[in-house]
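Here the structure comes first, spelled out in structure tokens, and everything after it is commentary.
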Amino acid sequence: MSEKPEKLIDKKGLRLDGRKIDELRPVKIEVGVLSNADGSAYIEHGKNKILAAVFGPREMHPKHLSLPDRMVLRCRYHMAPFSVQERKSPAPSRREVELSKVIREALEPAVFVEYYPRSGIDIFVEVLQADGGTRCASITAAALAIADAGIPMRDLVVACAAGKIDDKVVLDLMDTEDKVGVADVPVAFMPNLNAVTLLQMDGILTPDEFESAVNLAIEGCKKIYALQKEALKTKYMNTKEEVEE
Amino acid sequence: MSEKPEKLIDKKGLRLDGRKIDELRPVKIEVGVLSNADGSAYIEHGKNKILAAVFGPREMHPKHLSLPDRMVLRCRYHMAPFSVQERKSPAPSRREVELSKVIREALEPAVFVEYYPRSGIDIFVEVLQADGGTRCASITAAALAIADAGIPMRDLVVACAAGKIDDKVVLDLMDTEDKVGVADVPVAFMPNLNAVTLLQMDGILTPDEFESAVNLAIEGCKKIYALQKEALKTKYMNTKEEVEE
Amino acid sequence: MSEKPEKLIDKKGLRLDGRKIDELRPVKIEVGVLSNADGSAYIEHGKNKILAAVFGPREMHPKHLSLPDRMVLRCRYHMAPFSVQERKSPAPSRREVELSKVIREALEPAVFVEYYPRSGIDIFVEVLQADGGTRCASITAAALAIADAGIPMRDLVVACAAGKIDDKVVLDLMDTEDKVGVADVPVAFMPNLNAVTLLQMDGILTPDEFESAVNLAIEGCKKIYALQKEALKTKYMNTKEEVEE
Amino acid sequence: MSTLVTRVRQRQIGQLIDAGKRLDGRGLGDYREIKVEQGIIERAEGSARVLLGKTEVLVGTKIETGEPFPDTPNEGVQTVNAELVPLASAAFEPGPPDENSIELARIVDRGIRESKAIDTAKLCIEAGKKVFVVFVDVYVLNHDGNLIDASALAAVAALLNTKMPNYEIKDGEVILKAGYTPLPMKSRPITVTLGKIGDKLIVDPWLEEEQIIDARLSIAINDDGNICAIQKGGSGYFTPKQIVEATKIAREKAVELRKKLEW
Amino acid sequence: MSTLVTRVRQRQIGQLIDAGKRLDGRGLGDYREIKVEQGIIERAEGSARVLLGKTEVLVGTKIETGEPFPDTPNEGVQTVNAELVPLASAAFEPGPPDENSIELARIVDRGIRESKAIDTAKLCIEAGKKVFVVFVDVYVLNHDGNLIDASALAAVAALLNTKMPNYEIKDGEVILKAGYTPLPMKSRPITVTLGKIGDKLIVDPWLEEEQIIDARLSIAINDDGNICAIQKGGSGYFTPKQIVEATKIAREKAVELRKKLEW
Amino acid sequence: MSTLVTRVRQRQIGQLIDAGKRLDGRGLGDYREIKVEQGIIERAEGSARVLLGKTEVLVGTKIETGEPFPDTPNEGVQTVNAELVPLASAAFEPGPPDENSIELARIVDRGIRESKAIDTAKLCIEAGKKVFVVFVDVYVLNHDGNLIDASALAAVAALLNTKMPNYEIKDGEVILKAGYTPLPMKSRPITVTLGKIGDKLIVDPWLEEEQIIDARLSIAINDDGNICAIQKGGSGYFTPKQIVEATKIAREKAVELRKKLEW
């Protein structure tokens, strides 16, 4: 176990990894990385390394799970055994079951589910390395995988957390800040629709701090949104090149 | 762990809780206690607190379990984690699986299963607090829940145990008597048909003691039967009042 | 735990149980030993005691596992809890899952699966006592159970291991030789077709040693093949007698 | 109810809410009638039953000894489990916990944990080796909507009702002594759930409302009015403005609900 | 067999029994032929195979060391498991134990436990810490009816055949010594199962009879003729008078079956 | 792809191989392009990613302390697990490991174990009580055929990349010290899989070839060219002659593949 640091923000206002209070960790996104999935994306957000893949729209098995008027989304968020400090059993933990649900519910508002009645899509998220904020990075990647599968969406969904460490509201907590900090507020957002599709909170915040945290997280979301669109464009350009060759 | 008492019957012939040898614990029954179930009942038998609910008759899932010429009964006897001294895991134990089976088989002779071919009912029993004799109290409550669901029955089923403590055959063992005593004989009975639908025995009894125990248990059943019918009548009166208002 | 012997082959070239290097353990086979199975066989190979039974050809459950153009084979290799030194949990181990697969794949080449489209057979193998080489003895017995069920086969499948103990390549390793020895090479064979249908290896062998081991195992197979055919004939004779009586 | 009747009724519920009204006569910000009974399961170390309209939740607590987590060697352990007992609804099936019961348990757990309601530092018997483990078992007995608030309230009520055995330590063994002490509690978090229908927020949605809300937001509020846990659920969204509005409503309603615990 | 043939045959079996006869020529109170073989699995600490007509059950025992139960710190542990092995019947499926195999195991267990057949006090190695655990694994190899009696008989036969390792204790560790001692046994309970068809009781119902009986009653009888466990099964009932009659028959048949163990 | 197209294509693949050619231009004895990247998961004690054509496998290792097996009290423990992650193929479903992932794990495990690749004697902390446990988790990320060779190669690459924490023992407790040591390795086994189509053997079958091969043979070859593990798979057979031929090819290809580890 690593020791708990006394201070998470130094005198210059910088955090353990040198970031400013409202600064994101480096984010790297790639779309269309897996050949068998209908859509896929890979994200590195800080030291998080996450793969997302989408299969479908396809027939549901078992059939009785399908719905006559809409497409069903299923989602599995899963951590690789080697993604964390202590080896994680591959069997899904209660935390993974809950996160699978909230991630699905964060993505669902973006999808035109009524276009594909009686069918379903499966969204698989694999956390290859975890560094705090995996649910947010998972949503960012999964939304791109859905788009990459050619499924019509109202908007991309992008996610980022804000939180409180020491006595400050800060953007995008990394692992140690998440564990030692005061509060964590993950937010998923559809920028074009001004819609929050995931909101959770752990810890203690005053109402004002909470409002600041939500706003800061949304600012972070908007920055990552630009990277999402960039990654989609890159994929599209490459595909176009391949076709034109 | 509580210490084992040396004597379960005192010089006056009274038991640890002051009861006489052939005396029942206090029994309180209420019918129609849950709004979502098709039928339900609640029983307090001594310190046992048990809820029973019935759903159906309804289509069976999976369908291949249904029968062309009769209704299928399913039963789940389950103990709440906080119902016993040491917390019980919510996963069904082997004991709970066995009791689910014998309770189902104790109720089945009372139900006109041939009236509802291709359908099924689910009987759910939840022991909220256990005090010895839960299977008997469960049957007493479950039979009422079936009746409350409007399912035609040959008779109610009522259950009560007799047993041997110290050197006497006694009625209705409570927790300590069950654990420290010599033998326990739970009996379920349909009084109008003179039919024993559950019979188990643990411990050692001579043939004569066994016969006395069965007869004593049946006497106990008959007393509780009166309370069962009272509870049904109360439910019916209340419903009637509601309708007439 | 028994202690590890220093030498597995003595000066006379004899093994711990007095066998010569290329000598099989005693093998006893009986066909048609279970009345409810469609086909069955019992084998004692050394101290291995193994029952195999076949049910089918019959409809598959669940149906979606069936194939339009062929019969499906399913196989379960399972060890009785009391079959080994330390009690084995009855839940299937990873080893049992793997062996179920390789045994199935060793038997499948012998069966005219195309004769029974949309149907399946279940092959159940129960190891009542284990003594090294259970997978081979299981295959030998299971092939007979398939034949006993009247399912058309290209040839019987027979299996036997060779291996290396001390510095010699030897036939048919028993328990201690398997655990302490250098390498084990189980082989399943269809003699009429010169076809190896199971081949595994543990341990370290030079290419030459490996080739010798495979050839020696095949020699062993051929000897057991004669006993297999004898057992089938005995079953057939008895059945004929019964019919003629 | 047939599907057609259901749809007509759902439209009606939606239209009423649009007009600021509810089918059962409540205002948008009103809870159904709430009853809290504490101490009804004598075998449990603590217990409480909450009736929220027809929604009924029973919570029992058990206290056992166990090992602390490696990163908090001086603190007792809190563990919350929720069972959607099949007699509570035709929609609940027996079997291992599904995502709904796991989410419910984790929301209840987080409300208690993040508000530091249990003084876990006082539950340490021997640092790094032996601590008290508090099991909180949420038992949903009748489902008529808003299980989260009913469960969270019943859990805190049961904890406030929980007694710990007195003990002393002899030769590293825990020896129980006569008498009991109340479980040391530091706060009483209240969870308030709001549903969003169109641009309206409603408090305490009941079963039929739950079927038509776009999304829900469950907000745990501490004794001092601070926010200590949030969970958004459902396949819809909230605007940032609605979120701020929801926290305001939650803080007001929490004061109201917390009074039920002072009975 | 087609359903029609089955029904005709079932009616025939029923009519015969009504007339005091059985399809296979037995009287109502007769067992099928019984064979008991002990000690056939050398790797097991004890074993026995019972053939009851075509019903075949193999029981193996294993002895290991383990912890005693907290409420019986000075006693060894007995644990019974039953597997309805899929090769025994087309109706048995592989997988975790279902209610039938669990009930079978618990009936066999209760017969042995309640009659105090195993002298568990002699299986204590170190009070409260280490005792011998006796695993009794019931393995049903062919199912032709009345698995309960065959399994119970095979279990007792296997226990009578069980050898315990000699040992001494050095520095709290169990050291195995040469040689074996028989497992200490105090009684030989026999379980007798009766089926009820209409107002008739039959002993040892075989597979086809099991399909038409209203209910069954399994009664464990101790060496001294006392009753030590009972289990009613099936969806029918017994009258109180039938129950008394059944115990009488069971006591008689138990004497007969127990002789199979004296071989 | 429609079934008809699939069949036409399969016939084409088969005919080409019969003529000594492959659809993707490879010779029968050629591997697809192989890329090995080591150390890409910083949180893991070791890791490697192997690309075999489009087949992608990630292996991570973790090192923890645990108990040795009773029969090897002085040796560390190696344990291999394989997950056919559902994003790797529409044919993979989430859930507990099926027979394919268990077989894959056991083949990878056997290659490492039987070649004594890990020097387990150096992983003993306290004989009989505490040893290092090496977890090797095989994570299949994209399935385009021949998972066995890709997984086995990635596993060895990850082990070669694995660092062990430095430690000292104080009062029976393991105290971690600064710095790391490479995991002690004694050999680098390479597994080569051959498919049989008719009387032809092909190396490294990809997904579409896997669907038409009669059987496969996976052969693990040690640094010195000896054979250390074999697994036949699939519903077909090999002649004894083909087996000998296969081992020859495997020994040649192993030399080629092992070079990928020396990067």
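The first chain written gets the first letter, and so on, giving A, B, C, D, E and F; residue counts start at 1 in each chain.
To be clear about the criterion, a residue touches a chain if its C-beta (ideal position, glycine included) is under 8 Å from a C-beta of that chain, and two chains touch if they have at least 3 such contacts.
Fair warning: this is a prediction, and the values are worked out from it, not measured in the lab.
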Chain F reached from chain D - shortest hop count over touching chains: 2
Most distant chain from chain D, judged by the mean position of its C-alpha atoms: C
Distance between chain centroids, defined by C-alpha means - chain B, chain D (Å): 32
Chain centre separation (chain C, chain D; CA means) in Å: 58
Computed distance of Cα centres, chain B from chain A, in Å: 51
Multi-partner residues of chain F (each touching 2 or more other chains): 97
Topology of the chain contact graph, where touching chains are joined (line, ring, star, complete, other): ring
Ring path (origin chain A; first step to chain D): A, D, B, E, C, F
In the complex, chain B residues that touch chain D: 34-37, 40, 47, 49, 51-53, 55, 58, 76, 78, 80-87, 90-91, 122, 124, 126, 128-131
Touching residues on chain D, where the partner in the complex is chain B: 41-44, 47, 54, 56, 58, 60-62, 64, 81, 83, 85-90, 94, 96-97, 135, 137, 139, 141-144
Interface residues, chain E side, partner chain B - complex: 70-71, 97, 99, 102-103, 105-106, 110, 114-115, 215, 217, 222, 225-240, 243-244, 247-248, 251
Of chain C, residues touching chain F in the complex: 1, 94-95, 97-98, 100-102, 105, 108-109, 185, 190, 193-207, 210-211, 214-215, 218
